[in-house]
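Order as written gives the chain letters A, B, C and D; numbering starts at 1 within each chain.
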Amino acid sequence: MPVRARYTYLGPEGTFSEVALRTLPEAADAELIPSSSVTAALDAVRCGAATGALVPIENSVEGAVTTTLDELATGQPLMIHREVVLPISFALLVRPGTQMDDVKTVTGHPVAQAQVRRWLATHLPHAEWESAASNAEGARLVRDGRFDCAFAGAFAARTYGLEALVTDINDVAGATTRFVLLGRPGRISAPSRADKTSAVVWLAHNHPGALLELLQEWAVRGVNLLRIESRPTGEGLGQYCFSFDAEGHAGDRRVAEALMGLFRLCPKVRFLGSYPRAGESVPRQRTAPADPEFTRAADWLARCLDGREAA
Amino acid sequence: MPVRARYTYLGPEGTFSEVALRTLPEAADAELIPSSSVTAALDAVRCGAATGALVPIENSVEGAVTTTLDELATGQPLMIHREVVLPISFALLVRPGTQMDDVKTVTGHPVAQAQVRRWLATHLPHAEWESAASNAEGARLVRDGRFDCAFAGAFAARTYGLEALVTDINDVAGATTRFVLLGRPGRISAPSRADKTSAVVWLAHNHPGALLELLQEWAVRGVNLLRIESRPTGEGLGQYCFSFDAEGHAGDRRVAEALMGLFRLCPKVRFLGSYPRAGESVPRQRTAPADPEFTRAADWLARCLDGREAA
Amino acid sequence: MPVRARYTYLGPEGTFSEVALRTLPEAADAELIPSSSVTAALDAVRCGAATGALVPIENSVEGAVTTTLDELATGQPLMIHREVVLPISFALLVRPGTQMDDVKTVTGHPVAQAQVRRWLATHLPHAEWESAASNAEGARLVRDGRFDCAFAGAFAARTYGLEALVTDINDVAGATTRFVLLGRPGRISAPSRADKTSAVVWLAHNHPGALLELLQEWAVRGVNLLRIESRPTGEGLGQYCFSFDAEGHAGDRRVAEALMGLFRLCPKVRFLGSYPRAGESVPRQRTAPADPEFTRAADWLARCLDGREAA
Amino acid sequence: MPVRARYTYLGPEGTFSEVALRTLPEAADAELIPSSSVTAALDAVRCGAATGALVPIENSVEGAVTTTLDELATGQPLMIHREVVLPISFALLVRPGTQMDDVKTVTGHPVAQAQVRRWLATHLPHAEWESAASNAEGARLVRDGRFDCAFAGAFAARTYGLEALVTDINDVAGATTRFVLLGRPGRISAPSRADKTSAVVWLAHNHPGALLELLQEWAVRGVNLLRIESRPTGEGLGQYCFSFDAEGHAGDRRVAEALMGLFRLCPKVRFLGSYPRAGESVPRQRTAPADPEFTRAADWLARCLDGREAA
């Protein structure tokens, strides 16, 4: 009897992470298990208790989920196999029967707070906010009577026996969160229509131009950087590593050259994987009409070395 | 009768922010008022209720304090007048008489959690963590009996009638937090022995090389960037602005040239001020033997234009 | 009685240099004197015997006139006050009565030879070539019976009592030569509709990226380089200085910044002047919608330093 | 009976080119034939009349030999197989019996003239100079009585029955000329202890930053450019191609990557070969501890793609 794959996600049940995980074909027949934190989810993968973990990595309003970035940079190595982009809006979840006028205390994850701040100031100016470890945890606390209401995804209402008093709350229209499916390091998947490559690099200390050189490695090969994020290395203020996503697949000649360039340039590089790009801004066509240029250049050079090229 | 200056800080009383503020001469005779959040502190300055606000901006372990960066980038303009760097370590605060074995629940700010995670796993592996809005707020909750203990600065014990069961807790030796004193925009102060200049820039959309060009504006003038941080603009994933600190004072010719270069290059730049550098890594001598080079170059060009230069 | 200005040119009478000089308003009432070489012409200016000297600097087919470049780089300093661009085509000058079949020997300047090589191979395949010091000198040698014919400008026929057997000879259609009017160093003239700035720089030895940095000084300020020419410094193979022309006037803020950048970057820079651009490719409008950008940037910075800027 | 290889050189007999050719092992048993010009020498190779041609390409005082550069750039393709660097000094050759006081006329190649100008001004201030097509040709003209003396290599005296009145004349101590041995395109030779790679590139018109990008292709791969020379394309003033030499062999990974980068960047690239470096400044060790870095980077990337790398 085949063993079912087991995936974990940033729980508890009813989080956006769970919703994101359920959009993936891998999750269809798998066992899905909530973890109490990003670190717990990743550790479950590291120790083999789960095949993969789905956790948030970036929000279009709040920015990076630093725990995820830091775990990828400095924890036991993992690889990004997938990304999922979800539009994010919040519902105000209450125990059945609660009205707006009854609300004295509000909870939710700090990221949610940032996205509903203006709404709160307008509609519940006197409610007292206290943060919860996750939106779903906030919903649980409402169920248990600790708070009057919680901001969470509308889908969490059913899990906790609550109802959505207001839906589609978000100060910033079009807010989205990007999630990644992490697994143990393994052979990267074949290129898709449009891919992304992620890595973390540590620059040489006391080398002011190092970041510039890092960017030039990409620019010279015509590869776009989609995201770059500095993170402290923990060795003191002013010491950073850089986490980034580049357009393309590590098997693309141009991306491969740039990665090798980083390896030569930097004291340390950690490759985080190549995986299909998600989201609306992805080109319909294969990103890189790219590699043909590299192939033509390699052919030309081979002809030059053989004396077959006469320009 | 002269009016006393009034400064606010990220409260409540007993936070590291208060300690940082008290290191400044400005605070000596001033009235010091806690604010309940970074945003509240900054709004107090914006509306004129306070002369300045001292808030954390960056931690050597946890990285940027994103609320502070985002308020500086997109809120009503403020200027950085000072920075303070404090070594950070935590004490485990308890109600008098509490022993380690009594501890079932722990609280503290999420940033503190990140810095004591390993300590907790070793010494209180079964304690349940719940985040508080600030470390001092955590101390207050312990006083009120809501939690058994809180991580906070040892100095907060007295404020809340608690005692420090353990002190000097920090997973990472040498952790520090950088705080900034923010005020309303005004004439920047004269150059000191060693200064720093901060700004936020928005890059042109769909211009892959824009970040590279931004760095080149600094590199060409020989100015080191001390920090660069990407933040989402809120307009969707993949749209970032960059907050940075450069070495030197905006009145230095080299820094001025680079800032003007950014102004020409970028659709939007927000200048955040020039102020004395804090911290141990600061050079004893004026940073820039710098400007003499610029002065000599300007003199040379003037002689060229006049025909007085004969190389 | 006012003293007439005296200009010299690369002679003898009847050279393209003389024609180029006569296109300038300065030459209208001046005394025009041929010099026997570029060096002699420039020395006449240096010692005060002439106000200015008109000599060729670059040909669209043959490239740089290296004597002129080297004199400007290493001789006693001179400044470029003007440039003239002339279309160049040659006439085959003979003593009256000479026919094509009579021609056994041909002379002319080596640069002329390069431009009529194919014509010679087709029309006078058996004629023996010997170089002359200038085209006009070649014409003189034909007059004196030393050669049967010479390539020179058609205008030289009259000077030497010759006739043009064939005209409009040039292997490359549209060939042009650029001449410069050199004078002693003095205050540079005011900006015109479209200007050019010339200089020579010596790069630091053993600094492989120095040329790249030189180009970045221009690129970062958005200034186009119109010409760059390496010349040996005479200190051994592999040691070069670079002579270049940039778009714009040294009084333009962007050009001034770049020149000062070179001064800081390079062990030696020699400024050669700013002067009106000649030739058809010159924009009708002032080159640099440029300086307004610089002015706006300077205004912005001033407002920032004063606290008057609120982005 | 085996056919002897046949090499040609810039003649006539007794030129520095002949001396340079005789330093090569290839020349030991070969038939050596003078050509009347650089173009004639190269055409002899192109049509198969000679295996190779040795011609000057660069002088440490006078700079590039533009005919050689232009033939390599635009003539039917040839490849550089070798380079020879010769110290250059001149002898004053006279018919036996001539004394300094007898000298009224002097000849020599224009490049020689440039290198003896100061000597002439000091020792023969009244002698009249007329250029010859080559130094050896000048010697021949002295033999034939047309001039009183000629500047040429001392070795040319015997060829023309002259004697060296003065030797070791050179205004610039340490002057050298670089010669190249050109052959038809063929498989490039294996890397030696220290190699050089030459090419010519045409930049995209109306792309001001193109030269900068060209240099970045080399800089990013850590390859030094040893020489870069602009030459007019013949399409009008302001249109240049660039001829350059880079350190290393086209089979070196770093050089190969840079060449392919140029191929992608530029509308046209002509590869001119990889060949052993000559001259005193050549490192004793293989230039590039280089390729090991590239090999390590490629190994690292392969491990990443396979999931075998755990940083």
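Everything below uses one rule, namely that a residue touches a chain if its C-beta (ideal position, glycine included) is under 8 Å from a C-beta of that chain, and two chains touch if they have at least 3 such contacts.
In this text the structure is predicted, and so the values were computed from the model without any measurement.
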Shortest chain-hopping distance from subunit B out to subunit C
1
Using Cα averages as centroids, what's the distance between subunit A and subunit C in whole Å?
60
Where subunit C and subunit D are represented by their mean Cα positions, the distance between them in whole Å
26
Which whole number of Å gives the spacing of the CA centres of subunit A and subunit D?
57
Going by the contact rule already set, what residues in subunit B reach two or more other chains?
216, 219
Which of the chains touch, listed as pairs?
A-B, A-D, B-C, C-D
Which bits of subunit B are touching subunit A when the two form their complex?
58-63, 66-67, 85, 110, 114, 130-133, 172, 174-176, 178, 208-209, 211-212, 215-216, 219, 224-232, 234-240, 279, 281
Contacting residues of subunit D [partner subunit A, same complex]:
76-77, 79, 184-188, 213, 216-217, 219-222, 250-251, 256-257, 259-261, 263-264, 268-271, 293-294, 296-298, 300-301, 304-311
